[in-house]
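Two complexes follow with chain A in common, the first pairing it with chain B and the second with chain C.
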Partner chain A sequence: MSETGPFHYIGKPLGRKEDQRLVSGRGRYLDDIVVPGALHACFVRSPHAHARILGISVDTARAIPGVAGVFTGQDLEKWTNRLRLAPPIEGLHPTEIATLPTDKVRFHGDPVAVVVACDRYVAEDAAELVEIDYEPLQPIVSLDSALAPGAMLVDESLPTNLVSHQKFAAGNVDGRRRQAHAVVEASFSQHRQTHVPIETRGCAAVWDPGRAHLTFHAGNQVPHPLRSMLAMRLGIAETQVTVISPDVGGGFGQKIALYREELTVAALARHLRQPVRWREDRAENLMAASHARENLCRTRASVARDGRILGLELEIVEDFGAYCFYPANYMSRVVAMILTGPYRIEDYAFEMKVALTNKCGNGPMRAPMAITSWVMDGTLDAVARELDLDPLDVRRVNMLRASDFPYRMATGEVLEDITPAETLESAVKAVDYDAFRRRQRDLRGEGRYIGLGICTVVESTTYGSAFYKSAGIAGSGHEAAWVRVEPSGVVNASVGLGGTGQGYETALSQTVAEGLGVDPSQVSILTGNTDVAPYGMGSRGARGGTAGGGALYLCALKAREQVLQIAAHRLDLNSAQELRLLDGQVERQIDGRWRATGLSLGDIAKIAYLDPTRLPEGTSPGLDFSLTYDPPPMTYSNSTHACEVEVDVRTGKLSIIRYVVSEDCGTVINPIVVRGQQQGAIAMGLSGSLLEEVLYDENGQNLSATLADYLVATACELPNFEILHHHTPNRRTPAGIKGMAEGGVMGAIGAVTNAVNDALAPFGVVADRQPLSPQYLWSLLQNAPTASRQEGKERSERHE
Partner chain B sequence: MKPASFNYHRPQTVEAAIGLLARYGASAKPIAGGQSLGPMLNMRLARPEHLVDLNDLVELDFLRASGEVLEIGAMTRHIRIATAPEVRRAHPLLAAAAATIGHYPIRQRGTIGGSLVHADPAAQIPLIATLCNAEIIVSGMAGTREVSASEFFQAVMTVDLRHGEMLTAVRFPVLAATTGWGFRLFSRRRGDFAIVAVATTLSLDGDGRFATVDIAVGGVDSVPLRIDLSGAAIKGEIPTESRVSDMAAFVADRINPDDGATIPAEYRRKLAAELARQALHEALERTRGVAS
Partner chain C sequence: MISLTVNGQTRETVAEPRRLLCDVLREDFNLTGTHVGCEHGVCGACTVLIDDKPARACLTYAVQMEGHEITTIEAVGEAQLSPLQRALHEEHGLQCGFCTPGIVMTFEAFLRDVPDPTEEEVRDVLSGNLCRCTGYQNIVAAVLKAAATMREARL
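== the complex of A and B ==
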């Protein structure tokens, strides 16, 4: 198929190797790992959003038969180091977190004490008996109250709740505003959500007193950084820690940080000299693992008469929750940096404010910059409404064209090898835009309201070290790989990624196969054990394909080079230039045709390992290769999403009629895996936009700690996704891989909301916040200025 | 999310079950399908000292349609009620409502008795039982008594079961072939409890005018509400579009929902009106289908 392009193995729709075990119940998740003699931990959590801890009495709990111990923040202070986050970022206050709080609790669900017992039942019995004397404090549960002058401090070491504040300006937005035909303001409010991995957090810590070594089993996306962090927080050397991350039931960004519960369990295993394990339950996961989103964006666009954007200003305010497990500027920063995406906007300014509140701490969640494309395309829709222009025309007039690339965005980031105009036009063609408008007009006459939303996404996928550096975000973007051809010619390879169900064992085996020249069935990918895997930065963002696949591909090329050199020597050739390795067989080009040589990879491997005196002079025995790879500062994929909806104005019910996405994610390693990511990402974006919502009441009580309250879309609520493909390779990455898997979230959020606003246009109302619940849409219509006011003056009539 | 410890009993006969319930009184809780009680135990919202597992009481898993009455044993699973030909013939409304309960695995386990006793104000079975004046059969040491649905549901998750009693069966009057019925359930996702649910049955006279109309609404109060339509002066009226809308508005005026954390009372009221309108139309379609 065309997706294979110049490749033999990359681009083939190979069935996922891991599915055999994963769908037949033979996966090995944390709970499948038997740890003899392990104790079970249960955390005692705060019932208050904000309260001073006056005293903790553990005697009654400790007296329960089967309880091995009850521990508090005071105990953990002795055995662990605090997490201090103080990256040199202007406008970001340093923060410090104790392993368990000793002075006060900061959100409903904050862990205060831990019970360790013979099983989880006893641990829960005892946890109920831990008596904690609280002095309730005023909870901060909104951005407004957090940022009000004299507000109660969530973190008393900070001067205010404004933990991070940055400004940026390029060009002259003030001047542009004065020149503008119109200045259009728009607002976008995204609610709090959480990751909901099927497998909640959990860990099993085994301390070997003889070796003074910790083996830490935990489902995690970044095993090596987790190991470093564990060692640092426990005050031991990295050589004393092994992290084993087995099959992991989803992460979505929730399994990156070292959480306080996990560190506590590791410290207790060491203290008690007995294995300790912890499996977070669903209520804990929804309430206290990590939250995401909850940000408010306001834009102000200075526009010309034809909708061209002359200048754009963004204000983004984020509710970061109570604790910083990541630098507080991190997520908002990416939104602000890539906001202008596919559009030519030279004059751009932003202001970012991140505030602490008495809620569970925020972290990155699949598309940390999820709101970006909604804000940008939603702003264009606001321009279209205000100027009575067609929203598609406003997009076209602002969009970057093929001849514009490489294009340096106002923030300095360089876009290249992307095709937003192409994906826009193919999506618009697929939905037959003009026919839709006619249908929309006809149905309005029958009292039915359909809408079409368009959202074009430029997705930042792979963050190289240079981006981290220039964006003021701590971290590195490199990845590490090794490839080992075994003596029989089969191949083991490893990379520092931590898979959570993406299909790495299949897709990454294809990158190794491509680089080396063997069938992917001969390649095994080993990840998730820090004694085996090289030190890489793990899985986050959409870096797996480019950074991980790229590193493996380059490493496999290195292996191939040596294999062919040996082959040339065996064939008495001066060089390997006329040789190639395909399906594990060495072939030689003679008169323009590839012919078998009779030598196989197995033959070469046998010599390399078992008969090294037959190797060319200077070649070391064995076939063992490794390298590290730092991707370009940033790679981008792009897509256009088109969503058709109908809103039932009597009930507010929103139905998705049709969903088309046109995506260009460069070289596709495995179309089955990519399709899964496209579907999963769009599903996640729609689920978040329509249903999911972390809810706190005015006292900071979490009201969404069950899956009956925190609603996740099922197959019944989601439409079929029609996917159109473009394949523009990135010229700076190995094999042209770009990465993908978060853009679908970004596009879905924007497309569905834009579609709702298109449907509701006759009523003169705009949905500027999510979720798009039926009661919200209904309430918008209740407050509509005049129903069907604009019915008579159809937009298209004026512009035809 | 582990239950507090309890003593587990698995009686083999109804008599034995009643004996256990009588002996342990308020400290005992029967469990049938466990689709609501299971999570409540795990979250420790329910902490009975004694759990009486009714799943061996196969004698309570039955459907008996005889003449005017469809009698259903308490341990009959939702899936059977939704699919059994005798229910679809004798009470198609009940079958249709049962088919919307939760998801397939939930319907495989959940029982009609469990749903009635659990008495979630938004649940399907209590709504249909209320609409149809079902008779609920409860048995205890002192014998068996029959309670009408209107008296059985007392408050949120509170029913007329006395010390040592258990629900053993429920009797629905068979729906006449000429009765039209409608059922509308509105929820955020398929399988969720209703925000509002409306069920209606009606019949027309020989002239196509309303003879009888009954409507019940779930999810808007502490128990399902059977709306008293006597004030609406419907009997003998022609079922026009505007008459149906007036009836729906009348229904909405008779309910008084509370403001929820995410759902305003006014939204529920408007939703009830719209669902009542749709359910009445559905029922009228069915009567016309029968008439023609």
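== the complex of A and C ==
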């Protein structure tokens, strides 16, 4: 399956086909779709974090002119099915969610009722008039209070708030601890964040009573799984639902689940026999769409004198929020499974706890396993600090080398075709590590504190169905594609992905072009319509290139084979062995040279469609191909991030001076698109580490419901990124594609925090939580051990 | 009934005083290139030009706009892409594209006033537009490239 030879179309830096419409404002996002006669929905949301619903009075709201109806959880119970999640995973409690709550609200922003009106203004007016009688309950707003004995239950069907709990051990970590030269403990606290796609959620539902058919417009990453879920929750057949996902203004993992608001809108369109649409406002998006992260990791490393890790233990605790739209073990599980990443660690144990709290429910956000590399490389930095070793040496002594692969990690996952030692060395060389240390020493003498953080990432990119099975995650990792050469010789192709800005129309056309042998300009990629696309698993993780691009490439190869068989027949050859298709022309190898045959793909297509009696015996008319492709259990890419920062110790202000990443993501389909993904991922990691934070107060009130409170990095906070490339193809995937779109987040979180700790080393303080705000860094310095604070202060004063 | 001048054309519509300019542009005039991202003036996706100056259409009532000239993304590069739009394409300065019209409007105006900006100036102005996909690096490169192209064209 592997191809190491040169490609004709894969790897070319082609400008994106989708740009023309997007730069001129002619994209077609959800809210740009005109649905004649559509009513507008507005949700009434809970002002309490936790409260029993005693009664809902809708009469005043319903009396407003223009209001078509006001509906509550009781209504939706009649028209929809609940979401029950009960995958057979040991230690995971089954959960069930009503479409809208009927008994109690579980977080500030929980949707309780919905108003449908002639326009959004009227709907919002009426929503304010819905009166709900609440009995406030004690809110659970921290992991500690969630897990305290006798804690108030967030979900009353569970025995405790601990919704998921698993343990794992390989080797003998207890024995390793006893043998160790030192046992080093470290902790890593990642705060709550949210995705902030610039286009918020929304949908438009059209029920056709004549056909008994729902057309559901929604910006979504996984159109077919969304369709399955809609049909199931509405109690209708999948044949009765079409999901159309237009241009999507960013997803980052937020546009995967079927949300309660979307289901409500679909059910109302069916009930009212009139189209209904909804566009979330930004406050709703920040409070009530989906949150992410908020987990605490503690590690305990048993180490030899030279920093070699003999045994590693991880405890991970995650605050999952109030509702489970995904199995609660899912995100933490991936962190725990791949934690050891680029390092040789045979003895490894973990314990995972996931708790429910009165906050918006968690979901995967670009790099659901984001914290992994910070925890691993941060642990190595802790080892270096404790044993007074150079952090780079500690990495080198533990790093897996080329000869170690394929390497079976302690968790059983197999790493192969990755190059962490190589990316580490090239990143270190690029930043000139030794020169940096000298500069750092000199500047400290001037009272300036710079730091260098290194973080090596092994990124799980494409999950095959075997991984889902072994990890106990419901679902599959396969993808589906079709390729159709039309009668004129141009090509339509489709795949089950749902793009949210990844440039699929361009990059995926290159994979089809490569497999078939036509110029990418002749290939149109059709996605985002479940009646057109084959049933695929959609876009999540970093699977688009490997699973989607791979499926299309294989399908196009299948098409080429038939095209060349027809060509051989037309040319009176016994086999197609000496033929190839390039730029849509059939060529024949004669005496080692490729020569034109005068036959084009258009000629073959014409025969296949319009003159099939001239086809070779047994060949079906037309040129229509499809297949499904299941990637290996897991593919991995790797990278090393090196971040140089300066901390102003008088104010705690953090500045990023330089950012270098050395990345190996195998075969690159389109270098422009890939670089964009790498930059975007790093940006999201830095933005989250430096600025973003979902804040709840002690009563569970969300304090970060505007973009003036929830800060996303602007152009002034982010540096330019220098990217170094390695290209080690994966030998098991079509064209050697691996994927990459999340590793940047993982590496950035680790590199910038490690850099801060390197800068602050003279003060004897360690930043073990984020965001790395000036307030936090300043408070760390205020509480620094006296001697080192004095030393640092004197240094900084000396030069003021 | 109000009368607005949009992209050089006079257009009439019925709008309550509380209706936002962005809603009137999008819903009444079908000018859907003006995107609505936050409705509180932070993200910049809805940026249009009012009398040639960038402004947030989500913070402006349509009725306030009588007697003013409004320019939206639909008027930029109508026949062929503007140098800025072309540079955004060439430098891969957009991914999902939702924030892009606001960025185009911001810098069409800025580059008229500041034809030879520094990277720092571009970043400063760009900080009024949020982009969640790109990390801004390529947008900055595109603006600088467009500035150079436009300067050459003026020579």
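The definition used in the following text is that the second predicted complex is superposed on the first by the 780 of 800 C-alpha atoms of A that agree within 3 Å, B and C clash if a C-alpha of one lies under 4 Å from a C-alpha of the other, contacts with A are read in each partner's own complex, and residues count from 1 in each chain.
Everything that follows uses one rule, which is that contacts are C-beta pairs under 8 Å (C-beta built on N, C-alpha and C of every residue); 3 or more make two chains touch, one makes a residue touch a chain.
Computed from a predicted structure; not experimentally measured.
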Contact-wise, after the overlay, does A:125 reach chain B, chain C, both or neither (first, second, both, neither)? first
First, second, both or neither for A:650, with chain B first and chain C second: first
Which of the two partners, first being chain B and second being chain C, lies in contact with A:501: first, second, both, or neither? second
Check whether A:708 is in contact with chain B, with chain C, with both or with neither, and answer first, second, both or neither. both
Going by the contact rule set out at the top, does A:281 touch chain B (first), chain C (second), both, or neither? both
With the two structures laid over each other on chain A, which partner does A:773 touch: chain B (first), chain C (second), both, or neither? first
Let me test your reading of the model: by the given contact rule, A:695 touches which partner, first (chain B), second (chain C), both or neither? first
Between chain B and chain C, which one contacts more residues of chain A in the superposed model? C
Overlap of the chain B and chain C footprints on chain A, residue-wise? 121, 281-282, 706, 708, 714, 716
Would you tell me which residues of chain B are touching chain A in their complex? 1-5, 39, 43-44, 186, 188-193, 261-264, 267, 270-271, 274
If you look only at chain A, which of its residues touch chain B in the complex? 120-121, 124-125, 128, 281-283, 650-653, 691, 693, 695, 697, 703, 706, 708, 711, 713-714, 716-717, 773-775, 778-779
Taking the touch rule as given, give the residues of chain A at its contact with chain C in the complex, in rising order. 15-16, 18-20, 22-27, 29, 31-32, 34, 121, 196-200, 247-250, 252, 279, 281-282, 500-503, 672-673, 675-676, 679-680, 682-684, 706-708, 712, 714-716, 718, 720-721
In the complex, go through chain C and note every residue touching chain A. 16, 18-19, 26, 30-40, 42-43, 45, 72-74, 76-77, 81, 85, 88-90, 92, 94-101, 104, 122-124, 126-128, 130-140
